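Note that subunit A is present in both complexes that follow, paired respectively with subunit B and with subunit C.
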Partner chain A sequence: MTGISKNGGLGRRQFLATTGAAALGLGVTGFPAVLRAQAAPVKIGLIHPVSGFIAFSGTQCREGALMAIADINAAGGIKSMGGAMVEAVLADSQGKPEIGAAEVTKMVDAGVAGIVAGYSSAISLATSQEAAKSNTPHVVDVGVADNIVNRGLKNTFRFSPGYGACAASAVDGLNAINQASASPAKTAMIIHEESVFGTGTANLLAERLPLIGIEVQDVIKHANPTRDFTNIVLQIKSNKPDLIIPANYYNEYVLLARTMRQQRIEAKGIYSVLGGAASNYKFVNEFPEAADLIMDCNHWFNPKSEVALQRKAAAEAKGLVYTYEVFLAYNAVLGLVDAIERAGSTDKEAVNDALANSTLDMSFMPYNETMMVDGQNTGAAPVITQVQKGDIAVISPADFASAEPVFPISG
Partner chain B sequence: MPDLAIVLPSVLNGLTTGALYALVALGLTLIYGVLHIINFAHGALLMLALYAVFFLNVSFGVDPYLALFIVPPLMFALGYGLQRLVITKASHGRDENILLVTLGLSIIIENLALMVFKSDTRIIDTPYSFEVFEIFGTFLPQPKVYAFIGAIVTAAAFWLVISKTDLGRAIRALAKEPKGARLVGINVNHVFAMSYGLGIACLGVAACLLLPSYYVSPHVGQGFVLVAFTIVVLGGMGSFVGALIGGLIIGVVEALGGLFLGESLGQIGIFLIFIVVLIFRPTGLLGHKV
Partner chain C sequence: MKQLVLLLVLFAALALVPAFVGSDFWMNLIIMVIYAALLGQAWNILGGYGGQFSFGHAAFFGTGAYTIAVLQVQYGINPWVGLVAGGLLAAAVAGFIGFATFRYGLKGSYFALITLAFAEVLRILSNSVPFTGAGVGLLIDLDPSAANLQFATKAGYFWLLLTITFAAFLTAWWLGNSRFGAQLMAVRDNEDAARALGVDPFRVKMSAFLMSGMFSGLAGTFYAQYFLYLDPSIAYGSAVSVESLLVPIVGGLGTLFGPLFGAVALHTLSEVTRELIGDLPGASLVLYGVLLVLVILFSPRGLAGLVTALGLRRAAARAGKKETRA
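Right after this comes the complex of A and B.
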């Protein structure tokens, strides 16, 4: 076959081959750099509950993730892929795991290179499971359940700590604060929301608190949403625990804190574990009196890192409250894009390998060096914060602390 | 087993919470009693009223209780307009269409709220937010006590309007015999719209009394609507006194259920009541229509 057509011109295939090769050649050598930089964008799926009962947190996650994408693109995109821009594909899980899973299917069909999801543990469990079917890289931003990463899924990664690590840090930190106190706490009540996060955290705490000499008087589970906390607070009042330990989402936390104040609850301390509001500037600003001296073992940034403070300022300049959802989702996107960068492609296997071997510099967080074991960053750790004088201060660990703990607050 | 010393405080708290539920249910029962429709947009409109109270407070410093003079009339106007311009026109007089229209309205309103107000949870701080009355050794938050009184006054006002005014007579006539009412010269569309407007104005009252002790977000109404429907069925559809009593019963059952069965199971009592009433007294406790 000569490639010459019957009428003496170039055949269709030959024309395509010739012009294609010419275009490719020009692409490599002749086109201006700005055009060469326009590599196909890399799509990343962001699945968050931006409507429904946890919409506030979901929206915060989405904002954080979008901020990360904007920063990455502003810095030149994915350099190993010719400066490919990162493009967000957005989805709303509505706070429901099954909808989150359905969105994963759509995103995989849409050709995303990876997924960042899903704020709550229940949603993250469903989205990661669904993504595993196509081996699509999946980074969990906030979901804290330990079984998200220890189910053996090769596509699922988390850069932030799970509730096992948080509960352990919470108990160790509490023990240190308690031992240093002139009037240590001996009893506690745990108030938690009913889903995987609250129940799992409460179970771990109920198991470990007696080991440091704190008797757990009662563990009370509540629904989402709960319209009224008076009953629960009456039970707290009746038991008179030294410590009240809430583990719940923002709305319920606020109502609980308000009701405790209305009912004149006096305890040596309120010590939240992953409390939805206790490390939240919105709560602190709106209710400085109700928030005062509440402690929280939670996700937080490194208050001594310039990068972290710059990101906080950037988020606040956009009108965002800089909650942990914002920076954890930011970090999740950063981790995923870093893996794509190192893989040099969107090949799923290669990106998953890169994630599994991630050594992402996370010095803007109060973490040790990034090291993935079964998808979990074992360097990740929470800190203990306390609301002091209308601000959120880190009180433990000492390396990151910006203030001394105030404990007990009464009695 | 909880400490029995907290049973009385729990019951008192249940009564105040139940009064708030009753306020939401009062409008629903009026709308059902006259229009014979289940208003699926009730929760979304409650949310709008809560936002109105919120923005009046944070933007203009209007106390939620002073907003009682602003928000209920606004909600009345909104309800009147919705009934005349949207629900009547879109439903073409068919009950099943009305259900779909109110459901559609609720979806549109909630999503618009999500777009405009964002998903933020918003709370107001008033000088009395943390103040309490001490009754029998129980701390009752002042906003809840005011809501309790407000629910009784609103139920009484509704009863007076329905039983003693020309509008009330027209509403009752329309509820019992729409064709006859039309024949004797009652402006049916106007009375329907007045009824819907009054029902929605009641949400304005509920919002003013609720916000000092609660929060507002685009989906906040959903948490109240199911309970309000239960109260309407329990009290008797179209009965204001029934809605008030039903609300108080549901509040106490919820409180005691939470105390004895655990907080996450506490609401079982509400739905048990719902089923029992449907089986043994389908017309409700005071079951006669307006």
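Right after this comes the complex of A and C.
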């Protein structure tokens, strides 16, 4: 047996021997060289409340962040670091600040280049502070409390607007809608959840609404979770405000809106500020009657951007409801990875500097140019949406509007 | 005396931990275990040794936490002063609740419900009044320096916590070896019989409540300085009350080392379940719950009881061998 086939080619045994030896040779010499050339992955920590009372929103955040990482890797990873892939390190804060902070220490030990967290303001305050102790870059995805970024931490950044900006936009937008109406609203009631997001937003609104001629009849706070809104809705019914302004998390928002519908509350409008459900397709699809014509000043994407619409389609193709948690977490990862790309390393100081000087193109959002001041993207702004005919339409500002406001809805 | 020596050796050994543990994650985990042991021992002083089951220790924890935070943020008072004030004010709140309940002979489930109600009232109050920051909460500025009771490394926090925890454990040891402790346990076992023997149950229970409240308040002051943020749910929420009683129940009620066993077991369990199936949302909590049920089911007297039972079994086996040889 020579190992050479009759037609002059290689025999089966010789072929196996040759390819085996070649494969072994490559295995010993070639492939490891290729592997050595492949840059080590860059780890990014994702801390969200994927269990507990805000689990839906936390899970949405996680999914959005993972989508961003998948897109970045599909586009070739971090090019300035030899195409290093981005690797997610996942953690569940369980809705508790101290667990969020503990997860930060674990991630810092695991060598993450940066952290994206933590959906709620209270968790974001704890995680960013813990990350500050090791100067680890920390990007807040959704937490809206202004003091997350304005307390001087050098490692903490937010690409989305805080509640100060949201409340200001909400009041200005409401004033414009109200002035253009034949029957403007003169009174309002604010219903808010009791934590930092709801209380902070309610305080700002209670202060500013009288300045545009709207009297705040009452401010009602409720616990998380609250499963019966009957008493609160009866209070609304007896006060008969022109406007009802909720600021709550998703579950409570849905229950409040449904109870208002059941109790046949008649007002000129329901105008949410950062309403947990009013800009949420899940709510609109599941409870179309309760959602109809609700307005909301909230985070939203640019409905005129092709990139934004493609991302929405991609999320929906994965079976996700495209809520603000999804795209804000996506943007937070994008902002962090962009900074690592520009820094060309995972050196914490360099990444923090790159974040502080970020000019990330965010034309897929209804924002002005990205400019960080004390960690806050001052170009970020919310929009006003309204549920119309089973869809969510942007009604203000005019540059991004896809429909005209319907106001008042009654009286 | 043997227990005291063991206690001293244990805490002396613990004090050396920062010299051997470099990782912040492990230091954090150890700190959270000691912190849970402090919460548990504070509750154990009243619930374990005194038999008064409180469901509202968050009232004292939150008072301590808010005291140090409010004094710092609103009045610029040094947190070292706030630490002492927090412990004292928490003891004062315990004194008030104790007086309101023991004076009128409330015990058992009524006592538990009253303490729960007081904690809830304080949560609602702190959610409403401006000096606690209401729902927005209080954020203590990050300014690491020992003078500010903020430490650059976790070792500083560890030693501070260990000192407070040692005081709590020493108090528990004293309860197990003093006339006062004997009176407290007599009241726990049979209040009427204790009274017949000349023990003043009101005075004894009040004293235990004051000590328990103070240590819980000190745990609150530590929490505030460690995490630098408080809101009403964190400070007065039911989670703290549950952790306070779960730790000694799992570890062993009315025993010196029970709260430490409980804290180690619960945190290890929590960490292991999170490590094993942490990526699956909520699954770690389910596994944690199942394991907890198993621990309580198979060790109703707590882990300290289990250790004692094992010790007794070995001693009996040794004695049996000796008899056989003889």
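Following the convention adopted for this analysis, the second predicted complex is superposed on the first by the 374 of 411 C-alpha atoms of A that agree within 3 Å, B and C clash if a C-alpha of one lies under 4 Å from a C-alpha of the other, contacts with A are read in each partner's own complex, and residues count from 1 in each chain.
Assume a residue touches a chain if its C-beta (ideal position, glycine included) is under 8 Å from a C-beta of that chain, and two chains touch if they have at least 3 such contacts.
Small disclaimer: the values here were computed from a predicted structure and weren't measured.
On the superposed subunit A, the positions of subunit B and subunit C overlap enough to count as a clash. By the touch criterion defined above, A:368 reaches neither subunit B nor subunit C. In the superposed model, A:50 makes contact with both subunit B and subunit C. In the superposition on chain A, contact is made by A:237 with subunit B only, not with subunit C.
In the superposition on chain A, A:194 makes contact with both subunit B and subunit C. When both complexes are overlaid on chain A, the residue A:101 reaches subunit C alone and has no touch with subunit B.
In the superposition on chain A, A:151 makes contact with subunit C only, not with subunit B. In the superposition on chain A, contact of A:109 is made with subunit C only, not with subunit B.
Of the two partner chains, subunit B is the only one that A:255 touches; subunit C does not reach it. Using the contact criterion defined above for the overlaid structures, shared-chain residue A:310 touches neither subunit B nor subunit C, since it reaches no partner. Within the superposed arrangement, the part of subunit B that overlaps subunit C, taken from 19-27, 145-153, 235-243 or 271-279, is 271-279. Annotation: subunit A residues 50-51, 55, 58-59, 194, 221 touch subunit B in one complex and subunit C in the other. For subunit B in complex with subunit A, the touching residues are 2-3, 5-6, 9-10, 13, 17, 111, 114, 118-121, 123, 125, 129-130, 132, 139, 141, 213-215, 217-219, 223-224, 254-255, 258-259, 262-264, 266-267. Against subunit C, in their complex, subunit A makes its touches with residues 50-51, 55, 58-59, 90-92, 94, 96-98, 101-102, 105-106, 108-109, 122, 125-126, 129, 132-134, 145, 147, 151-153, 194-196, 198-200, 203, 221, 224.
Chain contact summary for the complex, subunit C toward subunit A: residues 23-25, 27-29, 32, 127, 134-137, 139, 141-142, 144, 223, 227-229, 231-234, 239, 274, 278-279, 281-282, 284-285. By the touch criterion stated above, subunit A contacts subunit B in their complex at residues 50-53, 55-56, 58-59, 194, 220-223, 225-228, 230-232, 234-235, 237-239, 250-251, 254-255, 258-259, 261-264, 282, 286-287, 289-290.
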